[in-house]
Amino acid sequence: MDLNIFGNILDILTALFLTAGCFLGISGGIGLYRLPDFFTRQHASGITDSACSFAILFALMLQSGFTMVTIKLFFILIFLIITSTTATHALAKTALFKGQKPLLGREDNH
Amino acid sequence: MSWVGHYNYWVAIFLMMSGFYVVISRGNLIKKLIGLNVFSTSVFLLYISMGKIFGGTAPIINEHSQKFQLFSNPIPHVLILTAIVVGVATTAVGLALTVRINERYGTIEEDEIRAKDDSL
Amino acid sequence: MESVVDIVLLSFLCITVVAIVYIRKLFCAIMLLGIFSLLSASLFVTMDAVDVAFTEAAVGTGISSILLLSALALTHTREQRPPHQPYIALLVVVVTGAVLIYGTMDLPRFGDPNSPIHRHVAVRYIADSPHEVGPPNIVTSVLASYRGYDTLGETVVIFTAGIALVGLLGFRRRQEFKVRLYQPMDKKTSYAENSTEDGDEFEDNIKLPGANHMVLRIVGKMFIPLILLFALYVQFHGDYGPGGGFQAGVIFASGIILYALIFDVETAMRVITPKGLRLLAVAGVFIYGGVGLVCMFLGGNFLDYNVLSAHPLHGQHLGIFLIELGVGINVFAIMVIMFYTFANRKRGSV
Amino acid sequence: MPTSALIELCILIPACGALFIAVSGRSPNLREGITLSTALGLLCVVAALYLRPDALHLAPIILGEPLPGLQFKLALEPLGMLFAGIASLLWVITSLYTIGYMRGNSESHQTRLYVCFAIALASTMGIALAGNLITMFLFYELLTMSTYPLVAHKQDHDAIAGGRFYLGILISTSVGLLLPAIIWVWQLSGTTNFTPGGILGSQLEPATVTMLLLMFAYGIGKAALMPIHRWLPEAMVAPTPVSALLHAVAVVKAGVFCMVKVVLYIFGVELLSASGSNVILTSIAGFTIVTASIIALRQDNLKRRLAYSTISQLSYITLAVSLLTPQAITGAAFHIASHAFGKITLFFAAGAIYTAAHKTRVSELNGIGRRMPVTMCAFAVASLSMIGLPPAGGFLSKWYIFQGAMVNDNLAVVALFLCSTLLNTSYLLPIVYVAFFKKESHPPHNAHGEAPLTMVIALTATAMLSLILFFWPQIPLHLASMLPGVGQ
Amino acid sequence: MSHLPILQVIIPLLAAPLCIVFNNRRIAWFVALCATWASFGVSLLIAQQVLQSGALSYDIGGWPAPWGIDYYVDSLNAFVLLIVTGISALALPYANRSVEQEIDPRSQPYFYSLLLVCLAGLLGISITGDAFNMYVFLELSSLSSYALIGMGPRRRALTAAYQYLVMGTIGATFILIGIGLLYSLTGSLNIQDISYQLHANNIIGSGNRTLLTAFAFITVGLSLKLALFPLHLWLPNAYTYAPSVITIFLASTATKVAIYMLLRFCYCVVGSESIFQLTLGQIVLLPSLAAIIVSSVVAIFQYDIKRMLAYSSIAQIGYITLGLSMSNHSGLSAAILHMFNHALMKGLLFMTMGAVSYSVGSVYLTDFRGLGRRMPFTMGAFIVGGLSLMGIPMTAGFVSKWMLVQAAIELGWWDVVILILIGSLLAVIYIWRVVETAYFNPLLELEEEEIGEAPLSLLIPMWLMVIANIYFGINSAIPVEFAQQAATLLLGGM
């Protein structure tokens, strides 16, 4: 019985995290489309890169319980945490260096 | 000939034809190579979708695979492993030629190149 | 449930391809091509072709994107004119497509178990290969032993691409070879046609501006050993799961390329010298061919691993291990050679 | 020295001669010496061959076998013997004449001329001694190839144009018509060997026979039947000794020789008479005789007039063969000899006039007889032979052909003969008359005498030969009697 | 235990990496030379064995036919092997001086290595009995030939190589699709096994649509590779701007191997008696006739002689496919024989072009003025090659033309006979154009005097080819024997 309850709590949690991940992914996508200039758009893609994939990975780890798969997923999670954030950083730095000017707010409204 | 039965093949054919279209109609040398890549990758899709069996699993015999008797056919996988590598090799040689053409002609648009040749 | 995932992925593929056809910025086209390969890799996973998915992701997306991007860096990123006469091309394409669809009429349905390919040759592979050849991953056993000769051909294809690139581009940018071209009197072709542009001074080749990319260096230093380690894991795990020589070679090469991108190609070329790479590539092909020849000397046919050691299964195991190693070395060396040849070209003059 | 070695020698001597001439190109005397010695050597070999009793029925010699069942074969038969004899005899005289002509006009590229001469003779010998159609076709092509440099010798614009036209017609007719005809014969009969009485068997329907005969008739471009005769006048751009030997002896004679062999040894007299397809050949030949003679009338250039007269005289031989009667065939064989000697004398005379007086037009020849009596006498004798009057050999051949026509009382042919003889007289005798009995209209600036001595000797020799032919015709007649369709 | 079949391919395959180990021009050339001569010896042994004891078979990896890859050598591919290795054995000694002048010294070892890989690829195609293995080696040989053409001295070689790459890859992918569809019908990749499966569960008779499409794609892919008339656009540029050695090598071998593949797929897989076979005959007939006439006419108007010879190659390929489309015994043996003769002719003619471009620098018609006197041996060789092309007796060309016309007469195709002869007449025109300028046009005074005869290392292979051309014109017993055995084999069905 408890196993069962315990079981479906995990399922509920996974479903929760999966929907969160999907929501973050879609919002990142829309942000990418709607935001005006390069750096803001990069902020949006940062969201999909990090938060969305972490949520989905975490949900998968919940699903697979204590097996080799979970350990592998955990390593993937750590790898993604480090590399995706560095990638965004590198992209931003290169853009800045190459003379991509950020779109500053209009002078008249401050 | 139910519709679902051949959906995979038709999509593969659509991808092939669009790759083929890019190769024929585009003048830019790199765009042609991209078209060529799409064309060969979609052929791989055709091969692999031939080898799939409903209810089968990857052809690896280990403790997980005891509960399956059906395995998808390993031969298309082997063929496609070779074909992918061949595709990449062809793209590499194509790109080398494109780089050399760009250095000697200064452009990678086919009609500009032809103009430069005929003007001699 | 399975076919829904299938159909969604296929529709994504179609959308990406349409985008590739109509986009004019080459950079976006290459990125879309990467997406296209990844989508097809995931589709391969759903179709239980795990080895192929791994290779498609590693080789199809990884290496061809790197090559395309480095070639793009040397040429123009923008496609100039829209297609001149698309209608003939469209006609040809539609006709070929129609013939192909006409051809798939009599194909067995997607995934039906009793289609001819499952009944004829594959039965023996699936049934006998564990105790005839040994490795649990049937694809590796077919790849390395039953159809080992194909893989030798494939290794030599990779080797040919590598030396073709070195032959065409060469490791160092150099004065074009001046052919004693005597033009007859009335064809006014000047010598300019054959000489190249200005001299040979070294402008900065493909290197991230502001070399002191502190963050990247640290992360790089942290991850490159891990990448190389993972490559070795894939190399030797090939028998038990998806993996093998090709994927390992590519991952190893991507580690080195990452190093070259972060720390400038010159330093990378001092670490992994082109001369050494050339010998490694040759060694890879020789290991593979050598194993075949050794089998011949020991009395079996070419690439017949049973004769390699007393017990046939051990022989097969040893044989497969060696040729996978040969393939891994060869692919690694060639991929890095390819990157060097592109990275060392001077920025396009025009 | 076995006879088969003799036969092979016939071809080897001129071929090696060509090689030695090419090598000894530097010193003119050595080169001319070699030419003369090879010519004499060849003449001796042919004579020896003629004297050998067993020569005519010797087993054929296989040179090579490109395809199983298809061999290059040499075999001696009477007509080949006759043709080889004439060619080798006249080669000696012509080389004598050429040396004089070349020295007289100091032409350039002489080595190439002599080499091609020798190769042309080798291929003529090959045609004469060919054992089957394929060998004949091989040497036929070799003859075309080797005579092209001779025609285009002067390397100026119209020489090259003439050469191109010459080659164009000959190659297109040979590859276009002769080759398929040979292959068709190979297809029908399984062999291409020359066998007396024909190899095509008798059950062929007349339509195929006529078709095949026409393909052969027009395939052998060198026989210069009417529509494909244009190459002969065009080839007159060549220097005179070339046009003398080739267009009087080697090239055209080879064409007609092949025609006769095809008719006698491939079709066979019975098949042709049964299918009645020889009537077409007779009409074509007749038409060629008449029209060529009429055109010859109007030609003012001496060499072109002689060229058209050659075309008409050749069709005499074709006509005679197509009559299929024994006498006509003997006449045809005999006419090969008489026409060769007669026409070569005429060309030598034209060459002599050109060397001495630099005149090429008939209208300029008034009173040349007084200045060059010997040349013009030889010219007169040769024209008698052409017309067919008693003291010259031409009379005998016309006599036999006339008899052949009378035997199957072919009145049309008889009438044709009469008017062609009239035409011959009308375009040859006026030259003789003008040369001797007319005053020189405008005195030439250099008071020239006879042509150089060697040329005059050659002239008189060939004139004497056509006379000898009349008084001692045994050799050609003896050979002609052994031809199929004549002897039994 | 004869390892001959596998040695045939392994020697050049493993010699290729050896060339670049030392990165020295001389050693690379020497290794390539030994490898080609060794593989020529092996192919002679194979041919001898095949003539005596029928087909050889060799299972690679020890696995029997449908499971593993097997090499199957019968008289057809033994003949093709002889052609490919013979030509390469002659091209290599030729390559030493000619490559030195045309290719950048630093990339010459890679040039030789690629040449060996191309040779191994071609041999691999002709000897294997496995369809996919044929595709891998096809890709191997075409990849190396793209790079080899790209290394040509002039900048247009690059665009020619690129164009050939695009069309070649499309062709190869079509073949891949064809093989895939065949595989999906039969489940096996071994050619003999495919043919057995197709006949066993009578897929052939029932007019199976997938089989029809598979064949359509394989034929189109292969005709792209062998430059059949409408799909030949890449060939003139590729042969004109490639280095001379490569033109010699590819012109004589690459198209022949593609024709061999077409023969193997059409006759062995489907078998000749099916109605399907006749339709293929008709399909191939029209383009080959068009190839003969149109490309000969185009060849007449070419200004660059190498391009002229390239167009004449397309015409000669038209002859071969014409023989193939007759699908009777003599037509097929004429086609197979012409493969051999054409390799001789074209190899010789392109060797003369290499010699002329070596000493004069380029091969425009105006460069040939007066060459007859300056380069007597080269122009002599050109004349023999030209005569062979025209089909004059005593040359190899005559024999195959004779058989072709005979086969056409046997079928009663009189229009085809006329077209064949018109084709050889057109050949006379464009060959004589060059001979005329070489011999009968006086050399311009102002051209520099130092145009001398080509070096000996170019002349010896050239004159070996001349002797071969004449020898096989006089008695072509061996090639005819091979051709007829192969034809009976193909018509009898594998």
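Just so it is clear, A, B, C, D and E label the chains in written order, and each chain counts residues from 1 on its own.
One rule holds in what follows: contacts are C-beta pairs under 8 Å (C-beta built on N, C-alpha and C of every residue); 3 or more make two chains touch, one makes a residue touch a chain.
Everything quoted here is computed from the prediction, not taken from an experiment.
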Interchain contact steps from chain A to chain D (minimum; 1 if touching)
3
Quickly list, by label, the chains bordering both chain B and chain E.
C
Can you tell me which chain lies farthest from chain D, using the average of the Cα atoms as each chain's centre?
A
Could you quickly compare C-E and A-C and let me know which has more C-beta contacts?
C-E
Could you tell me which chain's Cα centre is nearest to the average position of every protein Cα atom shown?
E
Taking CA centroids for every chain, report which one is farthest away from chain E.
A
From the C-alpha centre of chain A to that of chain C, how far is it in Å?
30
Between chain C and chain D, centroid-to-centroid distance (C-alpha), Å
74
What whole-number Å value describes the gap between the mean CA coordinates of chain B and chain C?
12
Multi-chain touching residues of chain A, meaning two or more other chains, are none
Residues of chain C engaged with two or more neighbouring chains
100, 104-105, 107, 115, 117-118, 121-122, 125, 147, 150, 153-154, 157, 160-161, 164, 168, 176, 193
So the touching chain pairs work out to A-C, B-C, B-E, C-E, D-E
State the interface residues of chain C toward chain A in the complex, per the touch definition above.
208-210, 213, 215-216, 219, 222-223, 226
Residue set of chain E touching chain D in the complex reads 387, 390-394, 398-399, 401-403, 405-406, 409-410, 417, 421-422, 424-425, 428, 432, 436, 439-442, 473-477, 480
Which residues of chain E touch chain C once you look at their complex with the stated criterion?
1, 3, 6, 10, 13-14, 16-18, 20-21, 23, 58-63, 66-69, 101-107, 110-111, 113-114, 117, 120, 124, 132-133, 136-137, 139-140, 143-144, 146-147, 150-151, 153-155, 177, 181, 183-189, 197, 201, 208-214, 216-217, 360-362, 364, 366-367, 444
Which of the residues in chain C come into contact with chain B in the complex?
2-3, 6-7, 10, 13-14, 17-18, 20-21, 26, 29-30, 33, 36-37, 40, 43-44, 47-52, 55-56, 59-60, 63-64, 67-68, 71-72, 74-76, 79-81, 83-86, 89-90, 92-94, 96-97, 100-101, 104-105, 107, 109-113, 115, 117-118, 121-122, 125-126, 130, 136-139, 142-143, 147, 150-151, 153-154, 157-158, 160-161, 164-165, 168-169, 176, 189, 193, 196-197, 240-242, 246, 338, 341-342, 345, 348-350
Can you check the complex and tell me which residues of chain E touch chain B?
132, 136, 139, 143, 146-147, 150, 155-156, 158-159, 161-162, 165-166, 169-170, 173, 176-177, 180, 183-184, 189
